[in-house]
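In what follows, a single structure is set out as structure tokens and then discussed.
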Amino acid sequence: MFGLKQDWQLDEKARHFVLEDYEGAAPRWCSGCGDNAVLSAVQRLARDLQLVPEKTVTVAGIGCSSRFPHYMKTYGFHGLHGRALPVASGVRARRPDLDIFVATGDGDCCAIGTAHWIHAIRYNMKMVVMLLDNNVYGLTKKQTSPTSRRSFTSNTHPQGSLLSPLNPLSVTLGITNASFVAQTVDWNPAHVYETLKAAHAHPGLAFVRILQRCPHFMDGHFQDIQDDPSKILLMTHDKGIPIDPSLKRLFKNQVVHDPSDLDAARRYADTQDAVPIGLFYRNEHAERYDLDTARGIDMTPQQRMKAVDAELDRFLV
Amino acid sequence: MFGLKQDWQLDEKARHFVLEDYEGAAPRWCSGCGDNAVLSAVQRLARDLQLVPEKTVTVAGIGCSSRFPHYMKTYGFHGLHGRALPVASGVRARRPDLDIFVATGDGDCCAIGTAHWIHAIRYNMKMVVMLLDNNVYGLTKKQTSPTSRRSFTSNTHPQGSLLSPLNPLSVTLGITNASFVAQTVDWNPAHVYETLKAAHAHPGLAFVRILQRCPHFMDGHFQDIQDDPSKILLMTHDKGIPIDPSLKRLFKNQVVHDPSDLDAARRYADTQDAVPIGLFYRNEHAERYDLDTARGIDMTPQQRMKAVDAELDRFLV
Amino acid sequence: MTTSATVATDQAPRPATIRTVSQHIVEFVSDSGEGAQTAGQLFGTIAAKSGNGVWTVEIIPAEVEPPARSRAGASGNRVRVGTKEVTNMGDTADIVIAFNEQVLYSRIDVGALKQGTMILLENKWAKSGLPGVPEAYAEALADFARRGYVVVEVPMEAECLKVVKDARRGKNIWCLGLLCAVYDLDMQHVEVELKRKLGKKSAEVVANNIALLTSGRTWGDANIEMRFNVPVEPTTQTMVVMNGNQAIALGAMAAGFEVCSMYPITPATSVSHHLASVFHRSGGFVHQAEDEIAAIGFALGCAYAGKTPLTVTSGPGLALKTEFIGLAVMAELPIVLVDVQRGGPSTGLPTRVEQGDLLSVLFAEPGDAPKIILAPATIAECFDFMITARKLAETFRGPVMVLTDANLATGQQPFPRPELKEEWLAPPIDQSAWDRTVRPYEWDPATGLSQRPIPGQRNGNYVLTGLAHDEHSRVAYESSINQHSMEMRSRKLATLLDSLKPPTVRGDDTGDLLVVGWGSTLGAIDEAIDRLRAEGHRISSVHLRYLSPMEPGLKEIFARFKKVMTVEINYSDDVNAAGFTAQNRRYSQLAFLLRAQTLCDVDCWSRVPGSPLSPSMIENALRTHLTKG
Amino acid sequence: MTTSATVATDQAPRPATIRTVSQHIVEFVSDSGEGAQTAGQLFGTIAAKSGNGVWTVEIIPAEVEPPARSRAGASGNRVRVGTKEVTNMGDTADIVIAFNEQVLYSRIDVGALKQGTMILLENKWAKSGLPGVPEAYAEALADFARRGYVVVEVPMEAECLKVVKDARRGKNIWCLGLLCAVYDLDMQHVEVELKRKLGKKSAEVVANNIALLTSGRTWGDANIEMRFNVPVEPTTQTMVVMNGNQAIALGAMAAGFEVCSMYPITPATSVSHHLASVFHRSGGFVHQAEDEIAAIGFALGCAYAGKTPLTVTSGPGLALKTEFIGLAVMAELPIVLVDVQRGGPSTGLPTRVEQGDLLSVLFAEPGDAPKIILAPATIAECFDFMITARKLAETFRGPVMVLTDANLATGQQPFPRPELKEEWLAPPIDQSAWDRTVRPYEWDPATGLSQRPIPGQRNGNYVLTGLAHDEHSRVAYESSINQHSMEMRSRKLATLLDSLKPPTVRGDDTGDLLVVGWGSTLGAIDEAIDRLRAEGHRISSVHLRYLSPMEPGLKEIFARFKKVMTVEINYSDDVNAAGFTAQNRRYSQLAFLLRAQTLCDVDCWSRVPGSPLSPSMIENALRTHLTKG
């Protein structure tokens, strides 16, 4: 029983999980969709860390990317458009024992879910948040998203969208209590993996924006960055995301960035001429709301009743 | 008729407005409430700029501060909690001829209204947005707000609130297309006035956070800053808020800050040891969505009908 | 109230006429901040503790700090005391203590006074230096006389100043002393309560208050002739006294809730205030979310992870939760939602009472969203229904809506102290292995019920979704699955209905008129009907607690009465007003439901005064219907 | 379809039997992305342009790119053509063109085929190198034979490859050519339409397509024996053909809307897609907001500033707008909200049809929120009702809800080309001075109607509020104002009702059974009833367009029939299923309303298959009710 001594957990030690143990329904994403790559990174990570499947919960909103939970063989919550983060926070509130991954799209997180995004960052409850940012509304068939590039022609803006894209990184870095902000690209599995691994290890909410290809509606959208690795600015640091030597060779455009430097992080987030990937900011000592919400989970029924009785007595006539 | 030649406007020239012309219902705020000071600043500004009362619209959400429209003798929209900004954007959409002031509280704007706040900043439609930030929910009688200081004891957190306050300035400065961000304090009428004047002159959305006293629930909350002007960091610059010589004398703690420097603006927004007031950032060339939404307002009925007829013909069998 | 044995005064009491009454209504009204609410509450508590029945109603201004001496600013309390249980606010006041004549007018406006009401009125205004005030005061005195009120001018402030320096702070307690004289209360008991109320205040403050109390008593004994006694019936029951929101908070703790996820909104917020101050003692916590959508989203996250959560809200907040409630129905997540109804639509009358959310709670979600709806009718039921609601939410795997209103929320009433039971508490989260042959929505075709796995349960892994889904929680593309799963969710209501008994008829089983009510109107309706029955009318009542599923047997009950009508605090077109007919008329909410449900021609009388319906308002309305046929 | 005079083929046609039919149903189904939708639409357009009645229904997979050769992946179109007007999708298909046998199964699953349906099936799978595919194909062929389908194996890809390099891109047009043979169409007309569809594509692409078309025709002429002719009745009317969402978009432009404020949601979004592509030409714009709440908030800002806005949404989005709709009612702001209903509750069946939002639209807002609700029943009405809706919103100063559904949204139908009128357009924003003696809510006590000032109007200044308010829009603290203003808002419905005529009964005025419907089911219900009447049953129907206020005279009409029932695409407990009784049963949505409204024992037959109800489903259900008594 949760909250009490959990003897049954002892035999967990004997279990060993293979990749298959994390594979749910067959993914229904388009072929070439970047979501597939992220899914497999999460599955590998879960295997490598031997996450207990029934102790792992994926939470999502609505969108192509938000189908994520269906494709994991863990517990999952495929909820409402824009509302993944409040749900995930609720799951976390009384369950320090669970591993929580959130999958959210750029519409889900940065449009309808904006308020929850800002406040979840502030609450800093332990979970990994993956913003699968394809710069478009995929599931509803190509509408402009807040992160769509300017003049992007979509079904709602056939003459081209009107505003410059919202930068989810600079917004997140502006939020008090942001504690882990990183960016990666779906087409570099090694970097995705290492980024998510660092995110999972982080004691708090780890926000990872993943540039994600949508070949169906955005054919060739990230092609230039993909084709020309110099368009990527690899942020390195020994407190940052561990970088494979091969990556160091691939991405010539590098900068050493100390993830404890918030000012610099904000500057890099605004980089215009290249796409910075790596860890912008990490603060392992940020306040964590989930440490507060979990108080009292161990109380016995007797203790609870005693407390209620005492309260009732205060109202005696 | 709006959108057509507006001959009737000619005789406007003959009108002259006095303070009274902007005074609506008698304010029902508590005595000493900072909202009173802001109201009177707006009324004076309207008089000094000779804003046409029927061409002025104040929009608000719900809260003590959101009662603002009732106390102006202009058009006003006292709508729903958290939703002032979408409404104001809608008012603006087809009405380039109106002056729009938005009054919103820290709960209204930074809690339930967060998503609209972020996106209104991005839309950058011309209007003055006044965040009346008393660090508390006033109207509902003292609950914690996102901007409440840590350990603040409120009715929802009688043992003290758990998180550090959200900084509305750093969040706003993280939003792509933010174009005017300033801070002032209700108890310095001259600075409030000049800040709002600059905000009104700005071609885009001017976001002004006003630290606002709530003597009823937060007695003495800003007292330290009020009593000790050195706790204020006055940001000055010839492109900033015009500063009265008396203010220069009052606030010894000063810094010259160029409001076109976003990096520095973000750094100042995070200032911990003093409260910076003045203009953090201004960009008069940011994209304005309202220039797009107003397209076509001048079209004649004949032009409209012709267009619809042409469309219908495309569907002829 | 017990008659005191000794009178704690240093002055010989004037001989007084003591009138024994079975019930009495006292109001305290002052400007906001002058303490009439505190004094009223204290008086109510004292009455309850001495064994009287009590019902208190808060008088709350709409603004935080309304202007002084204004109708809009009236703040205070109505206290109705009785020999027997008191179930509602009653009709007009017998005694009103008013700190100025303007706040008194706000009570006159709502019909709270009658000819003969005794007014104890601060008289300092007669000599006030404020412009226009003496004139207004004089005018009011004349007007009061015309209206037949019995005005006793009381030098409240002047007397207080003899005892303390700042009269504004102590006037309320002085007036409490005055009332002690009128009801001849045992001052020792009163002092005990006063001290308890003052809590950890300094010795000086306590002494000042006692002095004020004594001074008021003394002045009253010397100057007021009327004496009332509301006898007490002996009881062995241990009683508690609290308001409805407190009862919900304590009920939630007793029911084993551990999470209350909310966003502030009047008049629901004080549930969470009460909880926030004590919830941690029983291991719970209040989450104040960034908005109502996040509040229920957070709650449903808790629900998914094994803890049935509570969320409390009111009109506008309820509206925002609509989409998530639909998800809770679709994905069968247990949650208890308390809607403390206030005046609508939209922002409406935020602090006032209305029963306007019934249809909204029933039908708001797009698509078919069957759910359970309960409506407690008393303060005690506010407590009890929390226990029922959590059990129902878990057994029937879905949202349970509990409708109270601003009247229950702030009304105080004594009721027998609940004896806690361990079985009321939620069991710990089940973490034993799940039987892998059982599907996550293995609906029993006869009942629609199923068991749900909780994260941590091995082999229980499933992905909850708001899309149409089959028993495996897999997204359903076939039409038969959609039809079947909709039926399963609907069947749960039929299953619950099967276990319900028809409501009891209060009064004769047959007659000329049956009145149907729900929620906070119970006491007032009963009292009105008792009066009419006493006159010989053949009238009875039924009060519903389950609104969805609707309690069974209504059609049969209705058939035994010539006429059936509801009494509700929500809007209906008045069939007597020009232009409205039985055809084009829009009915009140329960009446509408009952018409669809029973096909009986259920009539209604409903009003939206922003205040509770008094027994006599109801009595008059019913009398018209009785005489009409 | 007209019989072509010349046949554009270089090969002598095989002699064919030509059967003349009054209507025929053709389906195209393929994997998503193979173009069956385009081909189907083209076929429908060609039929319409040649003067046939047409109704098309989209077959849409739930996923963006579902797996190939899967039931879930079926994509395409059903086209029903007829000599007379075609009002619904009909029953089973006469001909199905299928690109593989698996997508065909999805059609079989929903009962789209019958014994005798001719299947034109791609035969390349027989020799496919993909594992298991030839076996699956062979198995299916055997199964189809058992089911009595007439399968014609067609070497679609093989034939296409003779003409072009990438068969996947052209197969659909080749199949269109094939159908041209079956219906012996005039190839010149077809080529014109095809070229129009290809628009600005390169000459090479056009040439390739024409070649594919011709190849298909040639192959068909040579290999398919069956020939059908659906005769055309001459007409002088100019017709347009479009789907319901296009009709709403064009209707909105014709009605003079200038603002459509929305957030994407299936199946409503395509209204804004249509608008976004052309709205600027008539001076309008589409605002894609950050969420649905902002979308309606923005719209109401426009409304306040003088422009009646449009917002379009579906289930979950509608839920989010609840609070703002309440404000629009309370503050009397004109707005038209189109709800394109989809399967609910919650995310439900996002692309599928349901009529599940009626009660939600009527009752969602906490408190009393009377509003106007319209439901177009045809594509033409989707256009027309936009003009009515804007006028109603402005005259009655409040929200007008227009309910369509996924069936109307994507169904195409020809209708007479509307002749635009200038009076349909919104007048320019009034900026003349306001009469300062007129209050901003100067309700006519008899009608509830009032005029509103617009910013810019001198002397009109007022502060709109969602709080209870008086005629000056001042916050109301007195209870009588609350009662009165509620009455005024309610009265507007009675006023509108006064101007409505009772609906016309289709069929005899009396009889055994009256069927009541609303929305997109009109055509299917009528067709079912016509068949039953042809059999001699005494059955009639009534179709409602105004759901609030409900059209007048229903009780009187109902009284003339032995039995009344609704047919709806939403959930009701099936009284024939075990455990449900007439007592505990939950009714379908219109039935529920009619029961409350008329007190008649209105029965219902409703289903939630996620697809339109076919005439024969309805016919069978009604027949059961007729024989039951």
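Residue numbering begins at 1 within each chain, and the chains themselves are lettered A, B, C and D in the order written.
In this text, a contact is a pair of C-beta atoms (placed from the backbone, for glycine too) under 8 Å apart; a residue touches a chain by one contact, two chains touch by 3 or more.
It should be emphasised that the depicted structure is a prediction, and the values quoted were computed from it without experimental measurement.
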item	value
Interface with more contacting C-beta pairs, comparing B-D to B-C	B-D
Most distant chain from chain B, judged by the mean position of its C-alpha atoms	D
Whole-Å separation of chain centres (CA-atom averages), chain C against chain D	46
Intercentroid distance (Cα basis), chain B paired with chain A, Å	33
Whole-Å gap separating chain B and chain D, where each centre is the average of the chain's CA atoms	44
Centre distance in Å when chain B and chain C are each reduced to the mean of their C-alpha atoms	39
Touching two or more other chains - residues of chain A	62, 80, 111-112, 114-115, 118-119, 146, 292
Multi-chain contact residues (two or more partners), chain D	280, 290-291, 316, 323, 327, 346-347, 465-467, 475
Complex interface listing, chain D residues touching chain A	63-67, 263-266, 269-270, 272-273, 276-277, 280, 286, 288, 290-292, 316, 346-347
Complex contact set, residues of chain D against chain C	62, 71-72, 109-110, 314-316, 318-320, 322-323, 326-327, 329-331, 339, 341, 343-350, 354, 356-357, 359-360, 362-370, 446, 465-468, 475, 477-480, 482-483, 486-487, 490-491, 493-494, 497-498, 549, 552, 555, 570-571, 573-574, 577-580, 583-587, 592-593, 595-596, 599-601, 607-611
Chain D to chain B touching residues, read off their complex	45, 48-49, 51, 238-242, 246, 250, 253-254, 256, 258-259, 261, 278, 280-285, 287, 289-291, 293-295, 297-307, 309, 323-324, 327, 414, 417-418, 420, 422, 425, 428-433, 453, 455-467, 474-475
Chain C-touching residues of chain B, taken from the complex the two chains share	26, 28-31, 33, 62, 64, 80-82, 107, 111-112, 114, 137-141, 143-144, 146, 155-159, 216
Chain A to chain C touching residues, read off their complex	1-4, 6, 8, 24-25, 53-55, 57-59, 62, 69-70, 72-80, 83, 85-95, 97-98, 115-116, 118-119, 292-293, 295-299, 301-305, 307-312, 315-317
